[in-house]
């Protein structure tokens, strides 16, 4: 670990007025809690290259604390297993060779029990480190702990995405949680809209404040934006069915060139997890297989589908900046402890589904990536991805902030991704 | 199931003078016993497309009894799970769609416990069926039970092959059995040879007798064979190291054209499971990682490697017929209950390793495949495979017979495959 | 053709004050002139999927006039060949099925002679159309003719790129043009720099004026830019050799994640067309194989290489907007009739090589694509490409304008692509 | 070239009683004559990896004489071009690296004219060599010349196969020869059969005599054959249409396992070159596109299709040995100078189409491959191929002999391949 680790994006923060140890424990416990409904076998498989086995997530987030904090900051620390350095490195080339991503599902060993033992081992050393250590550079140390926790929270969302994919892939019915309460199924007859408008001019974009943020949200900077209006609701299943029924998947002019090739090669005909059955459309959710509910927001779209739908509607996707300006004027209650595993309210301004933007993921002006091994955290992925904004039901609550930049490749759709429309005001 | 199932290759046999139920139980128990050293996670993974997860073997062999016997012969039988009909069908197109072979490792469900429950369920119904049923066609019924058991025994060998591959693939050290006793490591200075010779003339090839045999071993028929001599010993590790050291893997003239492409694309430099380390060559075995023992027979060769080695030696591989004639004159003690998981005696005439022949796997004259669903058991694979003869340490003992035809693609080598040489007598 | 074709980006222009027919003839003749050095066989092959056979370019540009102008605007026009509609459609889905791009090199027919006959046929009908027709909508007609000529000029640059690739691929030496005069080889000892700086503030970006422009350059709009300085010279071969010699291709931290995978899979070690020989580095050019000249600008880089080089230098690539602001303050002499086939002057402000920007190719605010079939001209490619600016030696002279947006995938490098550096002023 | 080149299979022969030079000239001229109908562009393309551009055949057959004869036997010979040694080596690893087979269609250079110049150069040196040389080892020299001519004749058949594939691939109609005379279209109402039977017993198989033969036809040897009857006619288009109409391509039980995968992956529904049109089935031939003629023998089948058809008929394919025994009792008039480019007579005993056998291509007992570079001629391909027998309309007349062994992979079908049925006599 580079001893000169310093980054303005990781400012000393108010967060540490609460007990850091309690916070550490809460985040770590939550990862295990999310896996509670799984059978041992569910921890192991990788039914698509972009999915990781749940046990791998549990180990990799632990590896992160071991590599980034225990090794440089806990004197006399001896690693749990030299093999793990290699197996649970995701892609940090500066930390040596790493296991191939597409072969994570070939690992039967270490077992789930061994990984839980690994977590306990690291947790007890982290406790020692947090309570006793007087690190050479306290601010830097605290920033790294915070980053480790933020990293684990990002993986908690990935865990839910991957668990959903794994269970939905199984030929035998299975659900992660018991069924949604009936109240969610109440009918909702509202049509799309209304629209919220924003004026032309210069806006400040990017993170500001004392709390934690990632390097890619910084620095705050000015952008010139033209007048637009953005829909107050997410696009719903019902609206999306209209697109399907009117042949949206068969009209090349609605699609990006790469998207058209993708949908034909993959025979894409509907969002991921949708199935057309004798009883009509159904959707695989973490609550099991469910009849499609018209007024729920449409979920698990690729950029290509979101972009084509918007064009079909005579609208367009928002830019990243337009989305952030909209988010700055809305609110998300981070203290709401209730957890859902599916998006059911199209009228929320955020926190239901990530929405696709038309902005590719490029660095902000004067962007400075982390230095040292963490340099590989964000910047090296700024190529051929699109930004998503707004957060989703699987996102840990304190990741909901207007400057947060999520990003995926345009064909990916196993995250909780939806769609919000924009129109130019001429 | 075709009610007219009949096949001369499945003759009524003496075998049933012993208790059929006891035999059934013994075979079924053995499959579970072979899995005893595994962790739950080891049952799930599929690190190469040709490997099957151990739990899949346990379920598929059970499925075979359910489909071929319980459904047609046990009145009022209700299947355990309609899903399983599809998931655990290997490739029987006549029994409907089947799960893709390459995606067996994506199945976390059904769990190992559910599969063991499935086995118990089928076993109790098979018991009922064996003790009480008066099937319409008793001979046919008995033949099918026998076939189901033979089928499961074939999978017991596959189980060991696949477990070996899975454990060897793991980055953390693991072994299936405790280490070999030292007596096997006694030095053995004998050189290759001597040779056993056979005269020119007509020989009878193929199965004869009352015991069980597969369709592909029948009918017995005459072949004209030219004089040859066959080595009394398997080729050893030491001899094979000579081939490596003298550049055998770098001389295109030693290799079949397809083999040369294969070895270059796959960067093949030694048998499967061999590793060159600072301490010399080592070999992954079911007893763990072991230094290479010079006088043990070389194992886990592809046809391409065996064929190239023989050419390098100025010899050739035996034909299928030459191998069978040799086997008819040697003996294997089927009552020897001791089980080994590695081949350590190059001087056995059989039962250590399958040896490659230069014969592609084609039908015998007047070959009649099974009828009905079992038609797909053997005949449809008679294309682009090579025959292996002789049996191996992982082979159930009563599969050792001279007419048994094993077959694999020329590049495969995760089975226990070795090499025996032949020379023409001119 | 959509009769409602209208696009603000295609404004009636001053260009037509000169003889349109003469202009048409000049552009069309130039395409044939560029192919003059080729053997018949050179017109046919496609050694990489992204390369098109020269005869295909000659036919496709002709097809464009036939489909977009003759069919809708010349009454009683009968097409030259119904097959050609399909064969020479590049990717316009709205005009029916089209021949697969990767299979253009499988076409021996139509022959080169037949394609030249096709060109003559279309040219004589275009002449009739230009001289006699009184189109329903004259402005639209004139815009389409202009677009057809601009389109053919774009393909003239592609022709040179593809011819270069084809000839360089041949195992027998061949050159397109006789050798460069010696004057280009004069030594040039200037080091990199100096730098030209620009102030923070709002700038107008995009096309303005009465001349022709493509839809993607419009509309003009404001952007907020932070202070930066841009190098007055292109990066040279000598500087790039330093990057190679100091291990630039072996340091993952310099590379985008996708770029690192790309260079390892493809074993990339130098720019396209470079060869390390016993006599030192050489470069395949349209003048044949040439020793590398230190002070020439480095050419045929991918985005990944340009981006990694900039990072290695402690600089970064310019954005699209920074490049355009720089171009607006420099000049290109469009009347210079001299033609070169290689970039030899690193100190030109433009017109030597396209330089990569760090901007992905996304729509401008309020961008309106063409309507009708031409809708597929630009907009559908706004996904996973990067913008290049500045023009190159193979670019037709009147394509040199500051608002022109060229775009390629980040791994592509057979166009004449180079590199210019930028630094933030803090 | 190994100076010890010797092979019993290449015996000194009566052939040389006729003028060797005249024979050389006749064979060489024939290769050019076969290309006479082509446009320059047709010589260049390679629309499938297994097809070679016609100009490549012309050069490779020439290269063979240069490498095998001129270099070792003509003193002071200087090669035409050092590049050609590499470009036109097909797969002889012992002669150094060779151009990739799949990239032959990327070569625009050398041009057709340059290759014809190469042929003339080699021919004039061969003339010198044939008339003047007193080679050290005359018998060996004569054998090599014979082999070179046989090799070129094999490529003449390949030339026709490849030309057919290239022209059929073009989207514009083209034919190699003017249309078949009407007499061939006379109706023929004969049904399948009759059958010719053979008795059980030992037969001699393989080449005997003084004329030329390839190494793989030797040595003659005994085989034991069971009684069978073989159809006197080839299977016709009409019979094969019955197979299609009754769902033959949709019944997995008719197919080899690999064949079933192949047909589903490739969406195979009929023989190569068949098209179902509004006017019924049509077939692309070297005479152009032709309505399917019922009584012509069905052509361009894979092994998988031939094997499935035979199973559907309740018959099987002949073995290689059964085919050869049948051929030994029939006759082919080698002096018939008339040349056809399509098979139109199902009642010929041979010479219309190669027929598939159920025998994989393995070495004969005591087979000795050529030594030296020619070792790579046949033996290294004895893996995963099937033998075809009988010759076809594109086969040079003096290649028609009962011992000739042709071989292809089971999925290949661009050669002139058909089908003849066999039944066991029980």
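Read from first to last, the chains carry the letters A, B, C and D; within each, the first residue is number 1.
The rule we apply is simple: contacts are C-beta pairs under 8 Å (C-beta built on N, C-alpha and C of every residue); 3 or more make two chains touch, one makes a residue touch a chain.
Just so it is clear, the model here is predicted, and its values are computed rather than measured.
> Comparing centres built from CA atoms, which chain ends up most distant from chain C?
Most distant chain from chain C: B.
> CA centre of chain B versus CA centre of chain D: separation in Å?
38
> Taking the mean of the CA coordinates per chain, how far is chain A from chain D in Å?
Centre separation, chain A to chain D: 60 Å.
> Could you give the separation in Å between the centres of chain A and chain B, each centre being the mean of its C-alpha atoms?
47
> Spell out all pairs of chains that touch, sorted by label.
A-B, A-C, B-D, C-D
> Spell out the residues on chain D that touch chain B in their complex, using ranges where they run on.
91, 93-94, 202, 221-226, 252-253, 255-260, 303, 358-360, 362-363, 365-366, 375-376, 380-384, 410, 424, 426
> Within the complex, which stretch of chain C touches chain D?
It is residues 39-47, 81, 83, 86-87, 99, 103, 105-112, 166, 169-172, 174 of chain C that touch chain D.
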